[in-house]
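Here it is, the structure in full.
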Amino acid sequence: MAARVRASLERQGMMATLGVELVALERGRVEMALPYDDRFTQQHGFLHAGAVASVLDSACGYAAYSVMAPDASVLTVTYTINLLAPAAGQRFSIIGQVVRAGRTLVVCRGEAFADGSEMPFAAMQATMTALYGRPGISG
Amino acid sequence: MAARVRASLERQGMMATLGVELVALERGRVEMALPYDDRFTQQHGFLHAGAVASVLDSACGYAAYSVMAPDASVLTVTYTINLLAPAAGQRFSIIGQVVRAGRTLVVCRGEAFADGSEMPFAAMQATMTALYGRPGISG
Amino acid sequence: MAARVRASLERQGMMATLGVELVALERGRVEMALPYDDRFTQQHGFLHAGAVASVLDSACGYAAYSVMAPDASVLTVTYTINLLAPAAGQRFSIIGQVVRAGRTLVVCRGEAFADGSEMPFAAMQATMTALYGRPGISG
Amino acid sequence: MAARVRASLERQGMMATLGVELVALERGRVEMALPYDDRFTQQHGFLHAGAVASVLDSACGYAAYSVMAPDASVLTVTYTINLLAPAAGQRFSIIGQVVRAGRTLVVCRGEAFADGSEMPFAAMQATMTALYGRPGISG
């Protein structure tokens, strides 16, 4: 399972571009780290919500993927993100966890934390789907 | 109003990094263009949902900003995005529009279209807030 | 199609209890009417968001059902609702429409209007799923 | 605080009609119970998502209200609900909790459980707002 997650993650150009690292991985839970980078800011100089959302989405997606059958691929159906405070900090910890896994749909929640804070600055609720046997879609 | 939007948008490192262009701007409606770029892909080679979400978020945010008082700043409170199909294409058109503006909260909807298609591949519903007189927050 | 929608709707105890009427029905679009009733209020005397959300959910669900195969059943996966203003009025018009239908998932949007207003007081974005061959689930 | 919550809850016609009881209340956390009732079913005989969403919305709303200033009123801005499984059971436990409270916006999460199960069948992420000094709005 860990090998499948790492292989898929390495193919995400977006995660490499953002400088994301996989910090921890277990069945149903993924933790990633995202560094501050002024290429990805919003107009007030904080990290753009889109960068945080991208990593929360990937963390939730891989948490879901980690509980799917080995031949499944994972796609995001929809997510909701609340931005509870600006993304102010140098290093962001991003955690995705499975809430409940159904036959094809897996619901996850994610939180983002800045510089070791225990109070999240962003919260996500996401719906992922397992795909099987679609040409061109694997991982 | 257009000058305020352009000035704020130019300060978003994220939009410059993604290569986003402002295509059209009127009160309550913003249209942007996002090119395909393999720095921002997900594991199947399509554009990462996070890149699309970032631009939808900005388009909705500036649509909201365009109806706010001149001394307001805009922040995203929350959004929901549905990914209706993979982001397959070379050039994506991203449109944000105000649904209803209240005293401080403005609700917007956005759609993303690939290569001139009239069927959206992503849909957003977003809640923006106007901020006044916060140190370090302008635009 | 209309017969399937009406048969399923008549089995919804919730819609009967709320006094909901089906006003219009076409492929991909459903319009319902909800009367004010002080059994369903919130603490300020307006209609409770839950009553409005129930009808928006059903309108979106039947809009999705109307484009599904005849042997499909419909279930709500997730929805987001924005409450743009209090539900102040005597009669509410609730409209659900399909944005895009995939193999099993159908994404819809809904709006709620009070007393003939053209400005919505609530907006929904919903994800519905088609189910096939589940015992005890039909319509 | 508990007196304010109870007084406001007692004014919600919707909660009385649904037969909802307040089970537990502390700062930032509210637990309610909702009985099965065939007046509030969907087409397959399960409790309608709208009934569950109504109570989750109220539980999140009162969790938010419990951390607001005494003269604040509470309104729901937006919520997202995931329906993880049908609402099958006789008695549903509905819990709302504050994730993070800002100046005027409070973000909460809720879960719904059937008949003592520890696995939620519905999950909500909600954004509440504090209102001050609005005529006709109190509690």
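A, B, C and D are the chain letters, set down in written order, and residue numbers restart from 1 in every chain.
FYI, a contact is a pair of C-beta atoms (placed from the backbone, for glycine too) under 8 Å apart; a residue touches a chain by one contact, two chains touch by 3 or more.
Keep in mind that what you see is a predicted model, and the values were worked out from it rather than measured.
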item	value
Common touching chains of chain D and chain C	A, B
Farthest-lying chain, centroid of Cα atoms versus that of chain B	D
Rotational angle, Cα trace of chain A fitted to chain B, multiple of 5°	180
Computed distance of Cα centres, chain B from chain A, in Å	20
Separation of chain A from chain D, taking each centre as the mean of its C-alpha atoms, in whole Å	28
Gap in Å, rounded to a whole number, between the CA centres of chain D and chain B	31
Per-residue multi-chain contacts in chain A, two or more chains	77-78, 80, 82, 107, 127
Residue ranges of chain C in contact with chain D within the complex	8-9, 11-14, 16-17, 38-45, 48-51, 53-55, 57-58, 73, 75-83, 86, 136-139
Contacting residues of chain D [partner chain B, same complex]	77-78, 80, 104-105, 107, 127, 129
Chain C-touching residues of chain B, taken from the complex the two chains share	80, 82, 84-85, 99-100, 102, 107, 109, 119-121, 123, 125, 127
